[in-house]
Structure formats: C-alpha cells, structure tokens
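Both complexes shown next keep chain A, but they swap its partner, so chain B is in the first and chain C is in the second.
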Partner chain A sequence: MEVKKIRTVLLVIALICLFASPALAERGVTKDTIKLGLILVKTGPVAALGLPDGHGMVDYMKYLNDQGGVHGRKVKVIWEDDEFQAPKSVAALKKLIHRDKVLSLITSGGSNQTIANMKTINKYKISNIPNALMREFFDPYQPYIFAMGATYECQYQCIVDYIFNDMKDKNPRIGVVYAKKEYGKIGLKAIRERAKAYGVDLVSELVLPTGAVDASSQVLTLQKNKVDYVITCGVLPPVISFLKTAEKYSYKPKAVFGFNWATDDMIVKACGKGAENYIGVNFVGGWADDSPGIKLVRKVAEKYGRDAKSIGLTSLYVHGIGASYLFGEAFKRAGKDLNPDSLKAAFETFRDFDTGGIFPPLTYTDKSHAPPEMVKFFKADVPNKRLVTVTGWRTPKKMK
Partner chain B sequence: MAIRSKTFRESYYEDIKLFKTIWIKSWIGLLLVVLAVLPLIGDPYIIYLINISCIATVAALGLNILTGFTGQISLGHAAFFAIGAYCTAIISSRFQLPFWICLPASGVVAACAGLLVGIPCLRLKGLYLAMATMSFGVVVEYVVITWDSVTKGVRGIGVPTLNLLGYPLDSNNKLYYFMIVLTALAIIAATNLMRTRVGRAFIAIRDRDIAAEVMGVSLTQYKVMAFAISSFYAGIAGGLYAYVMEYIHPEHFTFLLSVQYLAMIIVGGLGSILGSIFGAVFITVIPEFIKGLAQFLTLLFPAIEDKYDDGWNIAAFGLLIMLFLIFEPKGLSGIWTRIKTCFKNWPYTY
Partner chain C sequence: MNAGLMFFIQLVISGIALGCLYALIAVGFVLILKATDILNFAQGEVIMLSAFICYFLVTTFHLPFLLAILLTGIIAGLMGFVTERLVLRPMLGEPVFAVVMVTIGLSIFLRSMAGILFGHNNLVFPSPIPKEAVRMGGIVLSQTEIWLMLSTFVLITVFFIFFKYSRMGLAMRGTADDQDVALLMGISVKQVFALIWAVSFITAAVSGVFLANIMVINLGLTFVAISAFPAIILGGLESIPGAIIGGLAIGIIENLAGGYLDQIIGGGVKDVTPFVVLFLVLMIRPYGLFGKKEIERV
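Up next is the complex of A and B:
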C-alpha cells in the first residue's frame, strides 16, 4: 500500500513537472527581469559599425531600467560578438537561446547573419529587428522579423528622384561607384532602372572595393566621362577614400550621393572640404536634429557619459537607440504576460508609430512587417563638421 | 618510444594494428559510451559546438594529410571546403537529391578540383606552393560571388534539411550522431591510409623527396594523390557544413578560414591524426572556453567588468597559440604523447 502511494505521488509530481514547466518558466522572463540578446559585431574590421549601434541599444535599455523598467521588470541585455561572421552569429544565437535563455533578440546582425539564423529565429519565435535592409526580410512575410529601414532600392530611387526633381537636371550625367556586395549590386540595378525610367542611361559603372584606400582609377574615369552626379553604393570607409581622392584630383561633380551606411557626420569630419558636395540619405534622424526623438537620443548619450566624439558613428548610435525604443514600446504593449507570442503580437499593434524623429512613422500588422520606405536627405555642413537635414521623410516618386 | 610492460610485438602487422592493447580498446569503448549519452545530458549549445568541431576535424584531417604528412603547404583549403559546401547546397536545393548522393559528390568534385590544382603545382614547393594554392582560393571566391545563376552570389544559398531515411535531422541534437559516425569514419580512413604504402610514400616525400624518388616513389603520382585526398576530405567537410548551417554565403569561405585550418594542424600537431582532432577541437572550443572563463571572472571580480571586452578574448586566444608554438612545437599531440609516456613508465621517469 505504502509503495503504491509513493508511486502515485511520484507519478503526480512527474506529470505536474512535465506539464507545468513551460508555463512556469517563460523563456527569458521572470517576475522582475527580461533577458534580451543582442548579436552585433564588437571586434574585427567592422567593429566601428557595430559598437555605436550596440551601445545605443544597451544605453536605451539602461535608461528604461532607470525609469523603473517595464511593468516592474528590468531589462538585461546580453551582447554577443559575431565578428560580422555568419557562423559565429549562428553559434551566438544558439548560446543565447539554450544557455542564457533569452526571450528574444534586439537584433541578429547583418543580412547574412540573419538569413543564416532564420530557421532558428522562426523555431524559437525570436522577434528581432535586423541591421540589414533586404527585401527578403519582409517579402514574403517573415513572422518574427520586423524590418526597419528603407530598402536599398528605395534609397537609390529617392536619390535619382532628387537629381531630377530637386536639382532640376533634365539630362544628368550619372556615374555609379559600387562595391561588389549585396547592397552594391542591388543599388546599381535600382539606379540603372530608375534612371532609365527618366529616360537616361548611366555614363559610368565602376567597382570600388570595400577595402579601397585610393580611388584614383575610378575618379579619373569619372572625370574623363564628365560625370556630374556620382552615386556611391559603398559603406563609409570606401566613400571617404573616394571623396579624398576626388579632392586630390580636383574633381568636383555637382553632387556625390551615398546611402544610409555612408551617411554620417564622420564623412564630413574625415573629408573636410572634400565632402562639401556630399549628399546622403538615411532612415534615421540626424544627430543635430531638433526633433523630440533625437533630443532623447542626445539625453541618453549624455546620461551614460557619451558624446559625439566618443560614440564615433552617431547615425548608428541613433539607430541603436531607435531599435531598443521599439522594443521598449513593444514590452509596454505586451503587458505583464510577456512571452514570445505576446511580444510579436505587441509589435503588430504599431500603427504609424511615432518615434519622435528617430525613425519615420512605422506600421506593423499580422500580415506585414515591412519597413517604412522613407528617407531623409542630408547635406554636408563643412564649417561645423556635420551633416544637416535638408528634407523631411520622403518616399520614391510614383512613376507612370 | 615507451612500450608498456608485457606488451611485446612479434610482427610488423602487430606494430601497425589500430588498437594495440586492451587498454586502448577499453578507452575507446568508454569514449563511445560518453559520446552516445552526451546529447541526453549536454545542452544543445554544447552539441552544436561538437558538430562544428566534427566538421573542423574532417577538414583538418584533409589538410594534415597534404601538409603534415606529405609536406605540401596549402593556403587554399577553404576553397576546397567551399566547393564541397556549394556542391551539396546546389545539388540538394535544386535537385532535391539525398545526402548519400550530395556528400560523396561534394567530395568527388572537390577532389577533382584538387587534381586540377595539384597537377600544375607539381614543381612548386614551400612558399611558391603556398602562393599558388592561395591564388586558387581567390579564384574560387571570385567564381562563387560572380556566378550568380548557380551560386546565388552575394545573396547566399539556402540548404534543405538533411533527411536520413525519411527522418529529418532538423536540429543539432539530431545531427549529432550522424556527424560523429561520419567523423569516426574519416578518422579511421585517414589512420588506415597512413598504415599503407600510400601513407608511407607521403611521409617519404615530406622527409626527403629526392630520396623518396630514388626509392621508387613516384612523386607525380603521390603528390597529386595527396592533393586529391586532401581536397576530398575538405569537400566532405564542406558538405557537412552546408547541412549544419543550412545557409552558405561566399563570406564564410575566406582566406582567413584557410589560415584557421593551418592553425588547427599546427596547434594540434603536424603529421598526426590525433593532432588534427585535438587542433580542430581546440581552435573551435577554446574561444568559447575563454569567453566563459572571462564571464566567470567578471562575476567573481565585478570591478573588472567595465574594463573587459571581447577584444581580450581574442588577445588571450592569440597568446595561447603563441605559447604553444614556442613551448610545444609538436602541438597538442606532443603533449598527449608525453602524458601517455609518463603514465606508462610511472613511477620511473625513463
């Protein structure tokens, strides 16, 4: 009888444990903490891009905690360095899920890293905002990817529109300098097609490798072809090399354009007068903007002992704060019952959500996680060594 | 070499036996038991690290056959690895062929590429051979990036889940036994190869190629064979990598990966099968170990938390490799041999 009783009790306990454990312990959420992962490059050749972004994400969560947290919970961010390598990113995500048991990720890093992790992201319901702008992230619909930032196609379409409509050039001589990377190839195609839609062919299409420290051959070719508008499809370092080389050869096109990864105050600081004809687009507000969102960004930076100089690439710090800001809002909307499903559902309640100028207004639904296809234009303010906003949020013009 | 008391060998066959004593058989049996129960007790992250170590082991074995045993320096191992990975990815995603076709095909295609490189490189040695193999790596990287229609270029290519007799191996725990079995097969094959005439010919070429030729070893035949076998291993490892990652991209197979494989066999021990395993596991797992240790230290001494960042891990890893090269040129397998000798001769020093 006694043995039978013990067996019954053990069986009941085992059943309770079996069925109760998932409900008792939601991954990464306790009564007073929310564990969030962050996979972003910290070391290696592109650390300068990952660090300000990640610092922005971490700083905003600290700020949120200092304001009392969300529904009584403090957010703990665990930052894993992927060295911008997809295999390391895959390992990092496995560690964050299985060992640290995080609720979700703020970001899974760049395009390759996010695609490499896609199956795991879907399997473990990891809502995250990738640091990349591929159309594949939202078309077709990916349930746990919340795309933020205008696609490369949109950015370059807006640039071509700007040449024709704002600079009012009916027959511009456009040249493209691009890197043989995903953004470079997509950018080149988008520019070519957009210019064609306006009835113009590109004059030059030149490759500029990401690691280039000199762009003499590209500059001399553009000069020879009398290119008036240069559109660069490269990240910050090669664009800086290009502008410096152009200055060396006294090549002064009417404008040199760049996309979001090359639109930062750093370009003016690094090139000085060489950047005076530079015009960039970005889907985040500028560091010097007067909007409430950017004021908050500067306030957070100051609170945690950072200034523009120590941050480095301020546009990425703004992006980092913006991504965490969206998570903070989603946590609030998810309420006390926070889990992967309620977090996703909370994101999907965003309707023209206003970040105060950090990002354009954004909308996510249960059928679309597409980003707002909007950018702002920035021009170099050489005396003050910064970029200044010259337009509001813009979308590509509808072509007939 | 120390011989255990009462262990006498009376024939050459006994001397080259794989499992020479009952002790070795017992230890291997114990290892197999531990490996069998590991997925039941280890967390999925550890299992993932073991899977990745298995892939690195197969690739490092291949490089050790070429560089460690035959003395042909290669800086293009990542290229053969990439060929294998892309072969599996393309065949399995486009034609939905099963793994038992994809994996051998990856090995064979990579081996053919090895022949292609090996034949023109026959007259090259040392740094010149290193340069030639490195150039092959650059060519492969260029082809993979620009041949969009086949490789999907810079967008990368997705790989379907490995299906074993209708059972999808869709998690690392499920892939684990598959990886262990294949790695064991690769190790046994390499060990056996080194016990044959071919293996001895490789070693003879490494030690003094002119003497080897005088003894009747065909340099052309065996050098090309070493390239092909090495590339076959790299191709198989690449195929496995594609299945584990389920997505591959040109940036996964850079020159740095070739250097990493070279580091594995140097740290593990050149010209040693066991060294390939040790080196592969060491290079794969040690960064995680250092990271864990650093996090533990920051818990013990919260004051260092602000001063610590991931750069320290990389520095510690680099320092560890430098110390190995300075104090233990025979690599981890050298340390292992000394430990074994110590136990065999205990309590006597000699």
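Up next is the complex of A and C:
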C-alpha cells in the first residue's frame, strides 16, 4: 500500500514536470496570442525620445494583427515605463517576465537599462533590440541582444569622410561641439582619430551641455578660430540652441553636422533658415523617403491616426516601426513552434534582410548580432521644413 | 576696434543677456525666500509650466502673443495664490525642513501634471519676435535678448517702486524683516505670503515665456532653474538687488569662461565656473554680496 502511494505521488510529480516544461518554454505564447513586453521611457524629461519610438513599435504590431497576425496568433504588447532609470527598468523586466509572462521584449530601452538587465535577459532568453548604440551590446557577442543602428564611431567616421570626399575639402578646419555624455565623448574621440587619419587636427573642441540656454561663447570661439565644418555630438535641444545662436551671429560654416539623435525634421522646424547648412546622418530612412519601407511607415501612422506633428520625432517613430517589423519577420520565420530559442534562431537567419529602406540591410548569425554599420545623409529642406535624404546607405571608408 | 576686444565685449554683452534670464529666475526664488524663509524647489516647474501655457494659448487658442503673455502671468499668479493657500498655509509653524520637502513634492506633482496636460514632445514656440539680430557697432544682440533685457529692467523697476512706495510693498518688507512685529503692527501676514507667492510665480512665468522663445519647450526646462542658484548665493540669498547683480555676474562669468578657458582647459569649464564661484562665495562670504551677516549673541 505504502509503495503504491509513493508510486502515485511520483507519477503525479512526473506528469506535472512533463506539462510544466513546455509551458515554461512557451512563456508568453498561446495558440492565438504572443505576449511581448516593451520597456521604454514614457514620462519625464526624456519621454520625447521614448514615446515616438514606442508608439511606432505598438502601431506596427497593431497593423500586423489587423493583417491577420502571425501564424494565426495576435501580438499583445505590454509597455512598461522605466522613466529612463535603470532600477525601474530592472523592476519592469521582472514584472514582465514573472507576472505578465511575456515571451520577449521588443526593446529593453537605453544603454544603462539594457546593461542593468543583461543577466536577466540572458537567464530568461529575452531576445530584444535596444534603442541604444553601445558596442558592448554586440562585442563580445551577446546571445539575446540584437543590435540595430550604426555605432557612434561609424556615424562620425562617415561624417569626416563626407567632408573630405563629398565636399572635397583637402584641408578642412573642423571644430567639434560635444555633450559631456557617453555619446559625446565617443563621438569626439572618433572624429579626432578619423581627422588625424586624413592628416588633419581638430581646430576646436568645445562642450555644449544638453540643457544649454545659449551657445554664444561656443559660436564666437568657432567663428574666431575660422572653423568651417562644425560637428555636433549632442541631442536635438542643444543642437537647436547652437544653430539659432550661429544664425544670430551670422556664423555660416560650410556645414554643421549632427548624428542620429539630432537628425530629425524637428531641427528644420525649430531653426528655419538657421538650419540651411545642417547635414545629419541616421541609420533609419527619412520620413519623406520614397522607399517601400518608409511608405509602409507613413501608411501605418495614418491608419492609427498619427501625423508628423502628433508623432513628434518622426525618425524615432520610423525606428520603432522598424524594430517591430524585425520582430514580425522573426515570428514568421520561427514558425508555429514559437519559444525563446526558436525566436533567437529565427533572428539569426537574417542575411542582408531588406526592410525596404527603414533600416539598412542587416545580417544576424549565431556568432554575431552586430548592427549594420551604415548611415544615410540628410540635408535641410528649409521651405518644406524637413530633412531630405541625399545619399544611399554608406559605410566608413576603409583607410590605409 | 581690434578683434580681441570685440570678442571680449561680445562675450560680456551676451553674458548680460543670459544674466538677465538668471536674474529673473533668481528674483522668483528670492522673493519667497526673503518673505517666508522657504526655498521653493518647484520654481523650475512653474517656469516650465508657464512656457507650455503660453505655447498652447498661442497655438491652440490662437491668442495674440502679448495677450498670451498677460494671461500666462495671470494664470501663474493664480497658481501662486492657490499653492500658498492649499499647500503652504497648512504648513505654517512646521519646521522649515518639512516645508522644503513639501515644495519638492509640489515640484514632482507639477512636473507630472505638465506631462499629462501638455504631453512629452519637444515643442517649438512660434515666436513672433523677429529673428533678425540687431547690430550696434559690431556688437550683436538678438531681438529676443533685447526684449528680455528690457523686460527685466521694467520688472525690476516695478518691484523697486512697489516695495519702496506701495502700502502692500511696505507690508511685505515689514513681514520679511520680522513676522511677529508685522503681526503686531496689524499686517495680515497670511495675505502678504499669498501675494508673495503670486508675484514670485508671475516672475517665473516671465522667465518661462522668454525661455520658450529661446529653447525647445519640454519638461527639461525645469532644470534651467538650477543655473540660478549660484546667482542667488552670490547675491546673498534674501536680497533682490543681490539676485539681479548675482544673475548678471554669473551670466558674464559663464560666458567669459566659455570664451577664454574652454579652449585652454577644455571639458566644459563654462558650466562648472558658476558653481566654482558659488563654492568660493560660500567659503569667503557665506552671506553673499548683499546678504546680512547674522550675528548671534550667546
């Protein structure tokens, strides 16, 4: 009798284990839904960056659902606001995994947040696309981080190449205004080294804080030093302050350059004629592009009642749509048997995957999740208050 | 005039323009501090909210710019009254630390409300002030800066006349000097406090409107208020003329440091310099340029 009881208990335990294992493996996936998390800032001073990105991600998933979903499953997105703070991001990920039981995250947010969550991401096999551009995300290889977006080094190398090759200036006087943030320091170093490789030293290196009210001393110093190419390593608000101040002093360098966080139509809307000589780089297609991918972006926005004005930073909305588009494709490739492992494996089948101009063609393998190191150049179209694409995808020139 | 001298003068002039903005913000802080001994940590939020209010009055309700400024000022004044009545008055008699904590709570509340009411996007103010800069003998000033300097001058003159000659102004000065004596003299201290908060919020609204014309409007505008702290300390915490001179001095020092030291030392000396000044002032003359040295007899 005793032995029979023990056998029954063991059998029950074995059965529980048998059914529990696949349930764990298929976290967030049922026969008709896929639950996805999204950790991105929604409130506070940085929300202007998180909201358009997140709206793009959510809108594309809605669009995918309206098209019938993927393999009969509809995608449900749960958006957690981390207020751009790593501790809140850590708590949000725990909630998404343990309470909401999501399959994965579309994005884990910014650099600090993703780094803070790295252990959990690896433990629970959370494939995600951070909306930040750190080399540490793919070098060394991180199994569940799929980096998307040219690194700051790449962007600034392309800018310096542009000065020497497109603007055909053999001895340019280059000045840098940078924010004392990670991207600013990386940018300054990359520009300095790239200019050196062309045999040129930087004329000025000046700090322009993110909350700069006025850039008079920076502009006057650049003007005094006869700098004719200014490269900014800052986000939109300080770059707008800089361009407005430059216009005030009639300082007209041959070009003022900016990287992805400052390449948005907003710059032309805010500065008008002051943005005439502005050239930006970005790793997403421009809102006004005629490519199939960007047409899709505009179509999705229109379908869900958004226009450029209500979106805010359109370049980030494009990024958001792009990130969800990649997830949609990965779901299709993963097939009906969707779980954290099959999702990762599906991403790793991307070979020169074409997003129709939303992102550059991208490749992920089981050994590398590095982003495509490519950018496009944009110039200000002042009468139409927007940026227009002036080049195709470019990589930094190979130097001897 | 040689280029070096022109460079110096231009830095000083643009420093004065920037200093006027700091002075306006600093006066907002000092008004409350002087009368009530409270450092209002929600002042930056009032500046930011005023910028948003003016933006929406102009863009959504299509009001003329001047009317929008007037209405923004009135709304800010009412906010000041309401804040004093609902938030600060119940704290009368409580330790200063508790009151300061309340103003920190108020700042969080106002920031959240701004996000809910006005959204989190970067907004560009359709400034009616012409963009063309004014040139005077090689010195350049934007028209916004000229209006900012004029407004600061007018506001300070109005304050001067109000505090010196008006009955309420005298009551406010009396209250600031000694609340108990003011009460004994029949001054309604509560009424004075309410008015002080309203005036301070109106001053913050003026700086908010100018900031909206200069910068992108977003929730980050609140942080500009921090830039005024060195001006307040330099001027002497409770002195309105001190706040003005402190603001102007910090604006000029900041610009000169940016123009001359940033190139040599690097690393953003411009932004650190005001806080170095603050540190030095606290060490050498803790009561500031115009503050009163308190002597306690034991």
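Operating definition for what follows: the second predicted complex is superposed on the first by the 378 of 400 C-alpha atoms of A that agree within 3 Å, B and C clash if a C-alpha of one lies under 4 Å from a C-alpha of the other, contacts with A are read in each partner's own complex, and residues count from 1 in each chain.
By our rule, a contact is a pair of C-beta atoms (placed from the backbone, for glycine too) under 8 Å apart; a residue touches a chain by one contact, two chains touch by 3 or more.
Keep in mind that this is a model prediction, so the values were computed, not measured.
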Which of chain B and chain C A:180 touches, first, second, both or neither: both
Touched partner set for A:81, first chain B, second chain C, both or neither: first
Which of chain B and chain C A:307 touches, first, second, both or neither: neither
Which superposed partner A:90 touches (first chain B, second chain C, both, neither): first
First, second, both or neither for A:43, with chain B first and chain C second: both
Superposition-derived comparison: chain B or chain C, residues of chain A touched: C
Touching partner for A:341 - first (chain B), second (chain C), both, neither: neither
Partner chain(s) touched by A:112 [first = chain B, second = chain C, both, neither]: first
First (chain B), second (chain C), both or neither touched by A:224: second
Overlapping contact positions on chain A, where the chain C interface meets the chain B interface: 42-43, 180
Chain A residues within the chain C interface of the complex: 42-45, 47-48, 51, 180, 204-207, 209-211, 213-214, 216-218, 220-221, 224, 236-237, 240-241, 244, 247-250, 266, 269-270, 272-274, 312-313
Residues of chain B that touch chain A when the two form their complex: 43-45, 48-49, 52, 145-146, 153-156, 158, 172, 245-247, 249, 251-252, 288, 309-311, 314
Chain A partner contacts - residues on chain C that touch it in the complex: 3, 7, 10-11, 14-15, 17-18, 21, 111-112, 115, 120-122, 124, 131, 133, 140, 142, 211, 214-216, 218-220, 222-224, 227, 254-259, 262-263, 266-268, 270-271
Residues of chain A defined as touching chain B within the complex: 42-43, 81, 85-87, 90-91, 94-95, 98-99, 112, 115-116, 118-119, 136, 180-182, 185
